[in-house]
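Sharing a structure here in structure tokens format.
Labels run A, B and C following the written order; every chain starts at residue 1.
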Amino acid sequence: MAEKNRLKSLFALLTYKKPKNIETFYIPETEEETKRAQEIKGMEHKARGIKKPRLVSEMSKKRERGLEKDRETYRFKYKEKSKDGASKGRSGNSVVDKQVSVNIDENMGLVKKAFNSENNKDIIIREFTVGGQLRAFIAYMDGMVDRTTINDFIIKPLLAKKEYHEGECSLDKVIQQVLQTNQANKITDTEEMIYEILVGNTCLFIEGCNYCISSETKGFEKRSVSTPQTEGVVRGSQEGFTENLRTNVTLVRKIIKNKDLSTEFLKIGARNNNQCAVMYIDGLINPAIVAEVKRRITSLKTDFIAGSGILEQFIEENPWSIIPTIISTERPDKAASHLIEGKAVIIADGTPFALIVPVSLTTMFHTPEDTTLRWQYGTLLRFIRIFAVFIAIFIPGLYVALTNFHREMIPTDLLIAIAKARENVPFPTILEVMLMEVSFELIREAGIRIPGIIGNTIGIIGALILGQAAVQANLVSPVLIIIVAITGLGNFAIPDFSVAFAARIMRLIYIVLGAFLGFYGISLGIVVFTVMLACTKSFGVPMLNYFAPKLRNSNDIIIRRPVWMQELRPDNINPLDITRQPEISRKWVKEPPAENMREDSEEAGEDDRKNE
Amino acid sequence: MAKKVSLLLVFCLGLLINLTGCYDAAEVDDEVYALVLGIDKGINNKVRVTIQYPTYKSSGGGGGESKSGGRMEAKNETQGSIIDTIEAPSILEALDMYGMSTSRRVSLMHMKNIIISEELAKEGVQAYVSPLARYREARGVVNISVARGTAQKFIQENKSNIGESLAKDLELMTVQSDNTSFFPRVTFYDFYNSLLSTYEQGYTAYAGLNELGNLPEDKYAGKAPLMVDNAFKPGEIPRSGVAKREYAGTAVFRDGKMVGSLNSEETRYFMMIVGKFTKGIIDMEDRESPGKVISLNFRPSRKPVVRAYFKKGRPIISIKLEMEADIGAVQSRVNYEDKDQVKKLSTRAEDYLERRAVQVIGKVQQQYNSDIFGFGQKLAGYFPTIQEWEKYDWLSHFKEAGINVKVNVSIRRTGLMLKSARITGYEK
Amino acid sequence: MTEKMNDRQGYIGTYEAVCLTSIMMVTKIFYTSIAVIVKIEGTSGWYGTLISCLTSLVMFSFIFLLLKRFPHMDITKIFEAVIGRFAGKILTLLFSAYMIFYAASSIREFIEMIKAYNLPYTPPSILIFGFIAVCAIVAYHGLEGIARVSAIFFVPVIIGVVLILILASPNYDFDYIKPYFGYGLKKTIVTGVLRSSAYDEVVILAFIINSVHGLKICKRAGYSSILISGLTFSTNILCNILAFQYTAGSENLSSLFELSRAIYFNRFVQRLESIFLFAWVVASLVTVSIAFYLAIDIYTKAFRIPGHRPLIFPFSFILFMVALIPENMPEVVQVNIQFIRQYSGFFIYLAPIAILLLAVLFRKRGELHNGKKS
């Protein structure tokens, strides 16, 4: 029996298996496609994937329904499973009733049970009577709330209230007349009530009411807005995101004061009940993208999402791609500029980073500084960065290939110098390179982890390893030190942290390829990497857009043209409104100078005439 | 399970490639890079090959030179480089044969110069040179030259006197051709093409060893005459100094055999006609005051115009050289800066250049019968197809060609002086 | 739109289509092609290839007429529509076999050359294995991936070639194009027409027509890629004659590589040929990937197999085997490459033209879609 299975599995390696028909998210990619779609009568709406939010690659109705069903059953199964898991996991904690009851004791029991108040001292339940007769209590999470708000604006007014009509549930009145908090909602659902308490609101229960009131009392400790730690600029905004979702959303809204800027809050993480916000400009972004983003986030069934870093991994298209397909930024101004281009921004509570989707490779080399500086400087910066990427990825690999395979390419004097330097080095070049690369990475990693107080030592150690000492010990040749140092510099010049990581990995791959097959090997690597990248998509947008498939130039891809020349938004994300500004955005160029100036000059002319 | 197995398979295959992939890899210091390749006629075998390569000792300078070994050793290891000679049936085999004594593989990747001995060149070089065109490591841009005497001796005297770098020295030596035009810079690629060509014949730079004894004692008893068209062959330049090797003139080939040479002076006119002359100071005797010299700094103002046609079946070639000159030095203090005098001077320069150019062409045509000028390129247009052109065989008809030279010199500038004022007490 | 979307290949734009066909044609300049033309035609080779270019334009027009007659059908379906399912399938399979042969010969030519110039001691099977592995990965990503890769690499490759030609310009002597008629005008024209086979890769457009947006773009891509490659060939042959004369020019294994080795500006600007290696390898990889993918694609079309991916492994194996068939370098150049660049046109061009004639004769015609031509 076992042998038969083994045979089967062996056979399975060779036989043809029909690929599963997996529908993928698709929006028009090439320019021709867009045009063509517009030409076909009655299909205009599909051109940019507008009306139908999920313009999936045309599936027939039947298949669509089947798929939907599949998904449904999947969800259903998952739900059941999670329920089981939940009941096993926190048996004493499961909620009995679905609704808030009329009986206040029952409600109190409910809250106590839900939050396991015997062991959990964070939940505070404060009992009191309203109007001297009605029993009531408030429940909140200690530390998540602002105590003064509760003391002064919830408890104080409630206790101060004297007259009270018996019999009816008068929470309505309480909301209208008594509570002095800025937000207060009626809640009947238990789950919702629990969630409200969890996020730092205060729930008020009063005898005789089958609902409670949740008041906005959030007031936990949070870091104040400070400068970005990882994405510094010289000229430009110095504000960075914080760990707090609300603050972050506000920071973005502060920049884009537009009524169409929409923020949708979605719950992520089944167990930590985290929140994330999807921000986009309604009427500008392609609705298909919003729908896709929301679809991906809401479909997530996992217990813990601490912030954008984990969320990014859950929603990205191709987990195998070395290059990230989502930009994560610490800068509200960067997020805002992408929103204005018609992209979506996802901010998760817990990390000071926002995710930007969809992106293409070129956007990863942009920084806000490119636009805040004049265009000549911005373009120069971009070229430097592209050069930096090239260095960071290829230089060590090329060095290995050159010295091992293509010595005819090295200038003779340099070659003799390398040979002289290598004369006493007992390792092959590849080992030398690996040694230096590894020590460099060690310095880097240690530099991040090293406690701040002894941080200075890392510099000294680094200088020893990447310096004269290594050469004098005959461990490496001096040329290599330069190579590794310039590679490190190149790597640090890459603006996107994830791309810098990708460059580090790719560098290793190219070193290996260069060591085994020289330039031939490196070229093989380049082709493989390019085809993989060309077929990677970020929310339906090919990563190598503008190069292939070719698209209309938005004048801000590699060469940054003057801002007044950037008439178009990036075409790759198919925004609803492609024009950013009219052909003539600087009207003053065409207009005559201001009125009073002209009068002055006329007067001057008259004066002249008079003088004559 | 299936996934694991296939991953393992892929891993094994990858390993296979990796382990077998480094066949061609070699460390930089696993090889020595011969910078000069000398080819001599063999005594016991076909060919005697000499190479010179830099050593990898940390101080390449002359300090360690004084170590007294045998006399041969001192000769063979000079100033950071080693010279090896071996006799072999062919050049490529010779390179392998070095492996029996040299601890590292000899590579020609960085070869700068090929030196052929005159004796071998006169016997014909195809058999030795053309195989190099097929060899992967030999590059087309290597400079090629013919050495008087043996190549071995020439290379033994090939030292980098100025700096430590032999490679730099070799390259800059050949670049001197562009500064003086006393010898041409010919790459292996040019030479090889001309060996196959139906349009032209080949030539190389001509080099030799100077024993530094040419600076004669007072032969004329203090009354040395002025010798302006002073022409030297390598080894004959009257000088003293450190470097014994020198380049002067052109070795002229016909059908792959060296048939003669042009001296340094003639080479300049040859290079003017070919269009490779870049700049050079030419001295002329001052007619106004004999025994004194006028130095003119010549450069071509445009490429030489060569026209060729047939007149009654006889090929006629007319060459027009457009030269510019600046006055470099006037010994006589005659006021050559004057407008009319400049004109006179330029006519004289024209005559002078024309006479010399005609002489050079005549020498090449009559004495060597070798179209190193490439006049055939101009005549080929008169034949519609290659068959007819090859049938006509221009290279054998070169001797019959009538050649006219016209030189146009315009003197543009007069150096830093507007006028030569009389120097007090300067006797006439 | 709906029925188009069912197509598994995805879409490619005009620019990508032009790059796809152009890079496949242009890659020849890296190989023996130039020297062979100079050997046959002598100094007239540079305009001889323009004659080939013109011939190809005419031939492509015929193929285009055939495609136009049967809108919404790629050429495999047209074959079946005109000469019946069985014969059509056989013809289609012949094309598939030719593509394998083409890919294998190209690989072999490339390997022989890289061994000659760069990696003399590495066993060819290792080089071929690496090469085919990359081609398989590229082919795995389908037409879309290949088109994008060729669109990305086309410009750098062309820039690389132009750079070589410009840097080598001090070696040029315009007198070397004399005598103007090479080995005779007749020979030039006959060879020119024969060598139109060197442009017959343009036929791939007929196989991927469904992925290109409509006939108009197919036409534009076909004509412009033929013209681009004609221009590239002509310039390259001219530069080689100018630098090497017709005598040495016919000797070089890879004329372009030799030209790059002849670059010498001063002691700093020289030894650049290894950089050129990148353009060379990348162009060859893309070309073979296209041919390899098309071989599989045509095969799947003949047997209506959904998806090309499962076939990649067996086809790579076949490719590997076919690439190892020729015994030595002269056999590769004088048999395989000679056939592909000189005589394949008889099959590639004439088969579709014969089909066109049959279609006209039997009044067969594709149905119009919704009364509207796309």
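One rule holds for everything that comes next: a residue touches a chain if its C-beta (ideal position, glycine included) is under 8 Å from a C-beta of that chain, and two chains touch if they have at least 3 such contacts.
Protein names from UniProt, one per chain: A = Spore germination protein B1; B = Spore germination protein B3; C = Spore germination protein YndE.
No experiment lies behind these values; they were computed from the predicted model shown.
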Per Cα centroids, the chain farthest from chain B: A
Per-chain Cα centre nearest the global Cα centre, belonging to chain: C
Averaged-CA centre spacing for the pair chain B and chain A, given as whole angstrom: 66
Between chain C and chain B, distance of the C-alpha-averaged centres to the nearest whole Å: 44
Multi-partner residues of chain C (at least 2 other chains): 118-119, 122, 130, 267, 271
Where chain B touches two or more other chains at once, by residue number: 17, 21, 24, 139, 168
Chain A: positions in contact with at least two other chains: 405, 408, 410, 517-518, 521
List of chain C residues in touch with chain A within their complex: 1-2, 5-6, 11-16, 114, 118-119, 122, 127, 130-131, 133-134, 137-138, 141-142, 144-149, 151-153, 213-214, 217, 267-268, 271-275, 277-278, 281-282, 285-286, 306-307, 309-310
List of chain C residues in touch with chain B within their complex: 42-43, 116-123, 126, 129-130, 171, 173, 175-176, 178-185, 244-248, 251, 258, 261-264, 266-267, 270-271
Touching residues on chain B, where the partner in the complex is chain A: 1-2, 5-6, 17-18, 21-22, 24-29, 31, 33, 35, 54, 56-58, 60, 107, 109-110, 112, 137, 139, 165, 167-168
List of chain A residues in touch with chain C within their complex: 16-19, 29-33, 36-37, 40, 43, 46, 57-58, 402, 405-406, 408-411, 517-524, 526-528, 530-532, 534-535, 542, 544, 547-550
Interfacial residue positions of chain A with respect to chain B in the complex: 9, 12-13, 403-405, 407-408, 410, 412-413, 415-416, 418-420, 422-423, 428-429, 512, 515-518, 521
